[in-house]
C-alpha cells in the first residue's frame, strides 16, 4: 500500500504538536512563505500554481491558478482571501483533520495566497461545529502574528496581511462561496446569482480569492518544489494528491492522502480494507451527499477527473461512503434528501420546493405508497433542479436520485411492488413515523 | 452584558453573527432573548427584521430557552449506517424526552444535526461544544453521568 | 459604449454591454416570461421562471440576471425549457393556497397569468405541502396572507431598499422560508407605516389592501344614511388605468359620473379640502416665520409619513404642521358646516373617501379624528377598491359622460389638484404664501424645481427681500435624508414637503397594481396638465373656501379652525 498513501499535505499530521509554532518551524514550516516573499514575485507564484494544474479540492475543481490570476489582475486596491473551512459535506472530514493536526500549514498557505493575489486581509470561515479546529487555528494565527509572519511589513517586505477567524452557525449552504460571503457580511447565507463571480466582485463587492482549506494547503509544496514537480504525482487531468475520507460500512475509516489515478477498488479494499462483519459491498457514494451512488461493478474507475467525468462522476470533496448489503438504497437516498431539504437556503423555487418534494416521493417508495407515475415526476423534477437551481446545492442534490435510478432501478421497482430487499423500509403506507 | 459584547466585536453590520453567537453563549440556557435582539438591532443600526432573519436562518440560534448541554446528534448517511438511530433512541430513553425537547431540570436538549465531520468515528454527537464519537449505549450513559456531575 | 453581438433564437442582436438577456430579447420582441422580476427594483433571480438555454452551458441561464456576452447563442424556447418552466410553476402551486375564485387578486394575479401563459392544464404531480398559516389582519390598512406568498422578494426590496423602513425581510430557511414583519410579528407590532408600497408590487395576494367595499355598499343602500364621497387629486389621473386606458389618462368628468352612478348622495372633491389645507398651512407657516416657531415646518398630509415620524423620529414631531390632511379636514367640515347646511345630524352622514392610499384607512380610524363629535371620515377606500365597486355595479367606465362635482365642497383649484404629485403641496402653498406676503400676483405659477421624480428637490422663493428656502422629498428613504439633516441642525430650509410614497400620492400604496417609475411620471405629467386646465389655480381664490371662512371658520388659524382642522401627534417610538 506504500504507493497508495502519500505525505505532501499530511507530512506533519501526528508528528508535531499542533499548538507549538516552534515544532512547526523545526519541521520545515514557513520555509515556503519565506521563499515566496523573499525570492518570488506574486505573478511567479501564480505561474507555478498554473503549471501545477492544481484544481479546487472542495468539490468544484476550478483551476486554482486561473482563479488567482483573475483576483491578481482585478483593478481594485482592496482584495480579500477567504479560506473556506465550512466543511459540511456528509462523509467529509479532511479539512478538520488538516486544521486540527497542522493548523500552521493552513495559516502559512493563506498568507502565501494573499501575497500572490495582492490582498491585504483574509478570513477563514470555520464551521461552528469544529470547536477544536477553531481553537487551534486561532492559536496558530496569534502565534504566527507574534512571530511576525502576519501583520505589517512581513519579513521586512512591503506586504501587510492579517487573518481573521469567523465561525459558522449551523448552515451547510455556507460552504457555497457566495453564501459564505453573505455570511461574512452579516447576513443569512443565501447565495447570489452569478456572474459576477467572486474574483471580480466577492466580499463587499471586492475581488476575492475563495478556496477550500485543502486547495490552499497545496501552495507551500508548489512554492518550494515548483509546479512541474507537483505534477509528478497524479494523472494528466488531475495532478497531485487528494485527501479522501472513508466512512460508512468500511473497516479502515479515516483521512488518506492518495495520488490521483488509483482505482476505487484500491481505495475500498487496499486502503479501506474492505467491508466489516463479513458483509458485502452494495453501493458507494463518491464526492459527498450530492455525489453519485454507484455499484461495485464500477470499482475499476480511477480517482481522476477525466476518467470519472466519462462516467458522470466526480471526486467532489473526496468523501467516499461505503454501504454494505444490509442497507437499503431507498432509505439512504431518503436520508440524503432529508439533509438537503433541511439545508436548502430557500431562495430559489427549484431547490426550496423541489428538495422536499423529492423527499416526499422517495418517502412514498419507502412507505410502499409509490406509483409508476412517480418515475415521471422524479425525472422532470431532477432535471429541472439540476438545470434551473440557483446554486450547487439545488443543482446537485438530485444526484443521489438520478444515480440510484440509473444503477439501482430494481430497488425502486421492488419497493414499488411492496418489497424492501434489506428489510429496512416499513412499507406500511406511512403508519409508523 | 449585550452592550459589552457588541463593543468588543465592533458595532458594524458584518459582525452580527459573532455578536449573536457570543450573546447566546453568555447565557446558560443558550438562547437569544427578544429584548437582546432589539438592542443589537438598535446599536448596529440594522432593522429588526434583518436580525430576526439571521437568527432564524442558522441552526445554532434559538429563540427559546434550551438546556445547559445541547446534544446534537448526527443523522446523516455515514452515521446512520453505523447505528445513529440507536444512538437517538438511547438518548431519548435515557433522558425521557423526544428530539427537539429539553429535560425538565433544564440540563439537556436533544437536537438533530447535519454531518459533524466525525464520520470516521460514527455514530457521533456534539455535546456542549465537544465532539463525541464511537457512541454506544454504555458511552452515552457514562457521558451523561459525567456531565450531570459537573 | 461597447456593443455586444449575440444570437437569440437564430436572430442576430446587438445591444450595449451589461444588457441582460431579458432586455436583449425584449429588444427583438421576444417576451421571456418572468415572475420575481420587477422594473425599478434589484434583480432577484430566485423564481427561475425566465430560464433560457445558452450554448455551451450545462445549466439554464436566468435571463433577468445574466448579462449578454460576445457571441452568446441563446434559445428562449425548447422542450427542456417548456418542461422546466412547467415544473417550476407546479412546484409553486403545490405550496400555494389555490382559492382563486374568492381571492382578491382573481383576474389580476401574476401567478394565474403565468399558469395560463404556460398553458399548464395537467394535474399537479407534486403533493400539496402548504402549511396553513394565520392571516394577519392586525391593521386597518393591509392584510398579509403568507399562504399565498411565492417568496419573490418584491415586497422586501420595496420595504428595505426603496422605502428603507425595513419591516419586511425573509426569514427561516428552506421550505420554512417566509417573509416576516419585524421579529416575526403582526404588522401592527412591527413598526410598519402602512404605506402599502409592498401591496402595489406583490404579484399574488400575499399582501393586499383591507377591502372595505362591503361597508360602503351597506351605507349606500341604507336609506337612513346620507353618504358623501370625496375623491383625492390622484384618482382623476389614475382610475382610468383600471379600465385598460394608458397611465396618465385624465378622467375628471367620468370620475364624478362614476361616483354618482354608484349611488353616493353628494359627489365632492378632496381637492376642495386641499385648497382649505393650503389656507391653514400657509398661514401657519407665516406665523412660525414671524413668531420664531419651530422650523423647518414639515407638511402633514401623508399619513404613511406621519406613521413614520411618530414611530421613528418622534423627537422631531414639533416640526410637523398641525394641519390635518385634506381627507380629514374634509370629513370635519362635511359633518359640521355642510351638515348644518343640509339640516342633518353628523351621525346621519357617512363620509367615504377615494384615496390612492392605504395608510388613510388608519388615519381615518385614529381616535382623535372625531372633531365633528362622530367619526369625521367613516371609510377610506383605495383606488383599487373603487374600481372594484364600479365593475361590481356593471358601470362601463370608459363610456361614461363627463359630469361635474357637486357644490359647494366640489369646487377646487389647480393648486388643490397638484397635491397628488411630489412637490405639489409645496408648490400650492408657495402660490398662496407668496401672494399673501408680498401682496403681488405671482408671475409664473410653475415652480419647476420642486417637480419631478428626483428624490430630494430644493427651491427658493424671494418674497419682499426675504428668501424662503424649501425642499420636497418623496419615499421614506429620501425623507430620512432630510430628517437626519434636521437632527444635525444642517437643514437650511424653512418649509419641507414629505410624501411617504415614491412620486407622491399618485404613486400611493392604494393605486393600481404594478406601478412603475415610468407610470408615476405619466401620472405626474397628467396632474400638472389638470392644473393648467383649471380656471383657478391658487387655493386662496377658491370661492367655496372663501365662503367657508366667511360663513363658518372666520379666518385661517381661528379657534374654530384649530378645533376642526388641526390635530396633535403621538410619540409612538418603535
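Labels A, B and C are assigned to the chains in the order they are written; within every chain, residues are numbered from 1.
Here is the rule we use: a contact is a pair of C-beta atoms (placed from the backbone, for glycine too) under 8 Å apart; a residue touches a chain by one contact, two chains touch by 3 or more.
In this text the structure is predicted, and so the values were computed from the model without any measurement.
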State the chain with the largest centre-to-centre distance from chain B, centres being mean CA positions.
-> C
More contacting C-beta pairs: B-C or A-C? The answer is A-C
If you average the Cα atoms of chain A and of chain B to get two centres, how far apart are those centres in Å?
-> 24
Per the C-alpha centroid definition, the whole-Å distance linking chain B and chain C comes out as 45
Roughly how far is chain A from chain C, going centre to centre by Cα mean, in whole Å?
-> 50
Which chain C residues sit where two or more other chains touch them?
-> 170, 172-173
By residue number and range, which residues of chain B touch two or more other chains?
-> 46, 50, 53, 57
Mind pulling the residue numbers of chain A that touch at least two other chains?
-> 171, 188, 342-343, 345
Could you pull out which chain B residues touch chain C in their complex?
-> 34, 37-38, 46-53, 56-57
Contact residues on chain A for chain B in the complex?
-> 87-93, 95-96, 127-132, 166-172, 183-189, 245-249, 253-255, 285, 289, 319, 321, 323-324, 327, 332, 335-336, 339, 342-343, 345
Parts of chain A lying in touch with chain C, wherever the complex brings them together | 171, 188, 190, 193, 195, 341-350, 352-357, 360, 373, 376-377, 380-381, 383-384, 386-390, 395
Over in the complex, which chain B residues touch chain A? Could you list them?
-> 12-18, 20-21, 46, 50, 53-54, 57-61, 72, 75-78, 80-82, 112-122, 126, 129-131
Would you mind writing out the residues of chain C in touch with chain B in their complex?
-> 160, 165-173, 180-184, 190-191
